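In what comes next, chain A is part of two complexes: it sits with chain B in the first one and with chain C in the second one.
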Partner chain A sequence: MIDNVALHARSADTTGATHSGRDALLRVENLSIRFDGAPPDVNVVDDVTLSVAKGKTLCLVGESGCGKSVTALSLMGLLPTPPARIVGGSAYFGGKDLFRMSEREKADMRGNQTAMIFQEPMTSLNPVFTVGDQIVEGILRHRKVSKSEARERALEMLRRVRIPAPEKRMQAYPHEMSGGMRQRIMIAMALANGPELLIADEPTTALDVTIQAQIISLIRQLQDESGMAMILITHDLGVVAEIADEVAVMYAGKIVEAGSVDKIFMDPQHPYTIGLMGSVPSIGRRQGKLATIRGTVPPAELMPKGCRFMPRCPFADVRCVTDPPPLAEITPGHSARCWYAPLEIHRGGVA
Partner chain B sequence: MSETTSDVILESIDLVKHFGSSGFFGPPTVVHAVDGVSLTIRRGETFAIVGESGCGKSTLGRLLLRLIEPTQGDVLYEGRSILSLDAAEMRRLRRDLQIIFQDPFASLNPRMNVGDIISEPLWLHGLGSKSDRREQTAELLRTVGLLPAHADRYPHEFSGGQRQRIGIARALAGNPKLIIGDEPVSALDVSIQAQIVNLLEDLKERYGLTLVVVAHDLAVIRHMSDRVAVMYLGEIVELSSTDDLFENPLHPYTQALLTAIPIPNPQGRRPKPLLQGDVPSPTAPPSGCRFHTRCPHARSICKENHPVAENAGGGRMVACHFWREIQNAGSGALSAPAQSPALTKRMELYMTWRERQEQTKNSNG
Partner chain C sequence: MLRYIAKRILIAIPTILIVSVLVFTLQQLLPGDPVLTLAGEERDPQVLAFLREKYRLDDPIPVQYFAWFSQVLQGNLGISLRTDIPVLHLILSKLPVTIELAIFAMVIALAIGIPAGVIAAVRKGTSVDYAANVIALSGLSIPNFWLGILLIMLVSVRWKLLPASGFVPPSEDLWLNIKTMLMPAFVLGTGLSASLMRHTRSAMLGVLRSDYIRTAKAKGLLSHVVIMKHALRNALVPIITLSTLLFGELLAGAVLTEQIFTIPGFGKLIVDAVFNRDYAVVQGVVLCTAVGFIAMNLLADVLYVLANPRLRHAR
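Let's turn to the complex of A and B:
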């Protein structure tokens, strides 16, 4: 039956409090990561600064391949090093330096204070164990509970992510489940220990919109109850509009725009963000071909010295070719990495 | 339905797929993944399949290409049953019918480099010389927004969306007649998604490609498909032309689906009605109408009688006892809030500068 109050929509937070990073639960500063074998001066993640406060949601959006998953994996201590290398920057979680922890400390924290939902469920589910055993195992690892209590908790989580017939499904193997069920198993595992920080990498791509709405509502409820903070990586701008407090837009390894969700959607400043907003298909009647951003990201060897978006940007000129623009504040809590933002002022007159 | 057989490229007749389990911990259970699905896919159209997670979409896709054998029913390609084909005939058919798998990583061989993965359909079918194939692979990589140099790399070196595009390039390689895309653009950001959608449309226009798309993103479905089938628990509950479906959804499940679409505008946040009730299990589908346990319009007959698919006019089909009475119960939900004036202004500026850039480029070259 339809229940109208089940999803308590929170209005968008416009205070920008999380952006300042002062009372942040997670604070990442000037993070740079490269892969061995890539050209020396081109990092896949370059000078990324972001933060997220207790109970808040930061959404990370951006072009496929721009470094969102690599950023997330580095924070969880799951990046294979080598070939990856953290070449600069710091990350603090509740005062602890994430990049200086021992393997042991990292393992204790993962799946307990912090949890991650991976982009491709099959890469992180073990094909030879039942999904029930895998969730129970995750609980027993970090909680002093009996096996049957852990099983109860696992069942409860499967119910909350709306897996049908959860008792039966506990005994199923990952390959016996549909894409969206595997994704929900991952979500259940990540939420089972009540993490303080959840990093969710495209958690709802395989879910239909009704289940997606239920999962979003569940996550929000947990945020309200326990103050869980979340970094959500998604390209679904509908989901971003619904759940984000803050948004960071990435392009080719750099943050090109950051601000409150209202600012990013209602007043986007960076040419890439504007192009992105223009590519969203409308839910109304079809209006001809979809608008796209011309061209593709250049290969690392050909990455421009100046602005990385330059080859595809309608507003670019000589300065963009040679000088990398800084991430500059436009209004308090809203910044963009473009020489010509705000565009009306610098590019308004059609000369 | 009144299609002449020449319009129809692929047809399924009462397809059924049940998965059994060994039943270690009790009586064996049977998953009714696909239950009596009949549909016809017309040459050159884009046919979309939507529905709740786990309702049998991927299974149906696999059945249509005979990647798995049905428990019951038949599949006709160009009017011929593909279930009776021998191995050699099946191999030939594989070239015409391609699939883009839902889980890109699991479907790419980790030990093959990307060039070999993409050109596999070409050498399997002995198409072109080695250098032809290399050239074609480079071209395909460019087409999906990757680089020819990527051919020497391995799947694990790519991002999720890049891997998905490798799967798309492979599906395009043998110039297929029909592609089944199982969530083909789900891992792509909207700008690359738009490029891929435009690319598929071009291929349709140029080569008359037929597309069957399984997707969760209803805006993409609305934009690119001609007809939509809505599935619930192994069955098709509504089938309709795209605009009719979005403007006047007939089945209560379709109505629930449309009201749950997230709107890309933070000012449009409002409480959303959520589908309540226990999600039924495909191992024990509810009696009568399978949706009755969650349907806001259900009455006692729904629990007892299985609604048959009725013709609702205009080529539409719906399986609900009360579809006539509950029309419009879910529509009106799709009014997206207007774009902000600042964004509209900036989009205009963007387009003006883009056109100008185009012109200078053309006059210089």
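Let's turn to the complex of A and C:
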């Protein structure tokens, strides 16, 4: 299944920092987000609770449209409202509730204590300004420094994200750069003010495979250097195994399983997580067909009343149809949203 | 960049040639005989024949065209049949008036149109947006002459704030010159501001949805910086082009507006010339405005490339 070396790469420092940790840098509790026009009672993000400790990495995993990006954007205050509305929950970052801040306070925090990089490096930079100016602008916004000091800092950031010939690149426009280079610029821009938390929303999805590995290892290296915490949104389980401390698996707007990376990979409990693991191709000898999860995520208007994964679940029964399961702790720091977790006990040997 | 401009100029040359042919031949289709107009009450066939001979009106049309165009190339646009003043002289005396009016009108149009478009886009779907759209639609549908007459009645006749008509050169009395220009420029400018507003609004709406606007917000930039710097700078690219073309149209003279406010600009010159069958003047003025319009097109192309770094390097 997953390459064991990668799996244990970070297991040494995955102590503490559970999803309910008290000393968390970011603590999101019972977050629910609705889109106007969606059927009542169907939230695009529903009752999401997660936390990230200082310097740690939380990976948010799930298929497209499951609410990962919406969650991330809401934490940054970048969710367009309307149509989106935060209908419940709180998000404490360093003691302050992100959802009760004024617009000004949010703007002061963005790009300063919190920063975000996005999925589409090709369109995320403003085409009419040089990349140097775009980085400098972010520094001048939050730091009381002179223009030349800001330029110096921007240049240093370009060096740190390993842009060749950084002095020359300061004057370049985004269209003169490749996707990988532009994502490095985005990273430089995000980290220029030394944020405590970086949210990376599928930062490598739009890039070539060879570039993907470079960008991920760059992000990890920068994180080690700066000690910032990170929420990495991805559906690349190889990356998760390599980089995560904690993992939260989302399905149709809900967290279906959360725990340390070891627990999630060695002892997955939710049928959806197990299915995801089965969908990862391995490099070793082929053993039969690549497993897939049958069916697709139901659209909002057809969302089941009980467990949202029920229509696709091989273990579903009557109870799953009628009652939505809670996110229940299975072992300390490991919880799953399934009536039958742990599956070994309820269903005998599986997976 | 220079090569690009040179290329555009080369492309403009055949356009001007075609325009000159069109101007010359279309005018032949105008009803009426210039000689009869010239001779006035005098209908002596000998006088008429003399006049025809003098202005070579009996030559075949292609011959007339080449005679005229070869003179044009030497900078001689001919002599007004009516007033015996060289056409070039007439044009040069009216051009500053038209240019001044055009600049005034454009400034007013930009000052109203762009801010209104930006506000409508940012407040999309609110009452502000609807109000701006309704006003713009009225601006587009209210005819200039009606607004002009209304303004004269209110501002000049009733309130006696501004002179109703006439023109004073700025060299004579700058303040009075501005006062006479204000109303006609306002009439022209509001009409243009409506289309500028609608273009600004739609360009801004497109830009505000872009990923780089989200990035600008993610940097913590305040919303006025995001809108005025990051969004507007991108939305301006198509607006610059539109403004330049609108300015080109203004240069062609605002016939009705100039008539109403009796401003001695291009519009008035050409209307008088058409009524008087003053061929040389009509040809000269139309050719001149065509060249002006082509020049504005060229300027629009150049500004478009300058405003857009992606094109600047590609050329």
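In this text, the second predicted complex is superposed on the first by the 300 of 351 C-alpha atoms of A that agree within 3 Å, B and C clash if a C-alpha of one lies under 4 Å from a C-alpha of the other, contacts with A are read in each partner's own complex, and residues count from 1 in each chain.
Definition applied: contacts are C-beta pairs under 8 Å (C-beta built on N, C-alpha and C of every residue); 3 or more make two chains touch, one makes a residue touch a chain.
All of these numbers come straight from a predicted model, not from anything done at the bench.
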State whether A:E202 touches chain B only (first), chain C only (second), both chains, or neither.
first
Superposed model, chain A: greater residue contact from chain B or chain C
B
For A:E176, is the partner it touches chain B (first), chain C (second), both, or none of the two (neither)?
both
Please work out whether A:V128 is in contact with chain B alone, chain C alone, both, or neither, and reply first, second, both or neither.
second
Thinking of the overlay built on chain A, is A:I293 touched by chain B (first), by chain C (second), by both, or by neither?
first
Does chain B (first) or chain C (second) touch A:G238, or do both, or does neither?
first
Which holds for A:A213: it touches chain B only (first), chain C only (second), both, or neither?
first
Of the partners chain B and chain C, which touch A:F315 in the superposed model: first, second, both, neither?
first
After lining up the shared chain so the two structures overlap, which partner does A:S32 touch, if you call chain B first and chain C second: first, second, both or neither?
neither
Answer with first, second, both or neither: which of chain B and chain C does A:S90 touch in the superposed model?
neither
Based on the A-chain superposition described above, do chain B and chain C contact any of the same residues on chain A, and if so which?
120, 123, 176
Chain C partner, complex, touching residues on chain A are 76, 78, 103-104, 107-112, 115-116, 118, 120, 123-129, 137-138, 141-142, 173, 175-176, 186, 189-190
Which residues of chain A touch chain B in their complex?
1-12, 61-65, 68-69, 119-123, 162-165, 168, 171-172, 176-181, 183-184, 202, 205-214, 216-217, 235-242, 244, 261-262, 265-268, 271, 274-286, 289-294, 296, 299, 314-315, 343-344, 347-348, 350
Chain C to chain A touching residues, read off their complex
210-212, 214-223, 230, 233-234, 237, 307-310, 313
The chain B residues in contact with chain A across the complex are 19, 21, 24-25, 29, 31, 50-54, 58, 102-106, 145-147, 149, 158-162, 165, 183, 186-195, 197-198, 201, 216-220, 222-223, 243, 246, 256-257, 260-284, 294, 296, 334, 336, 340, 342-343, 345-347, 349-350, 352-354, 356-357
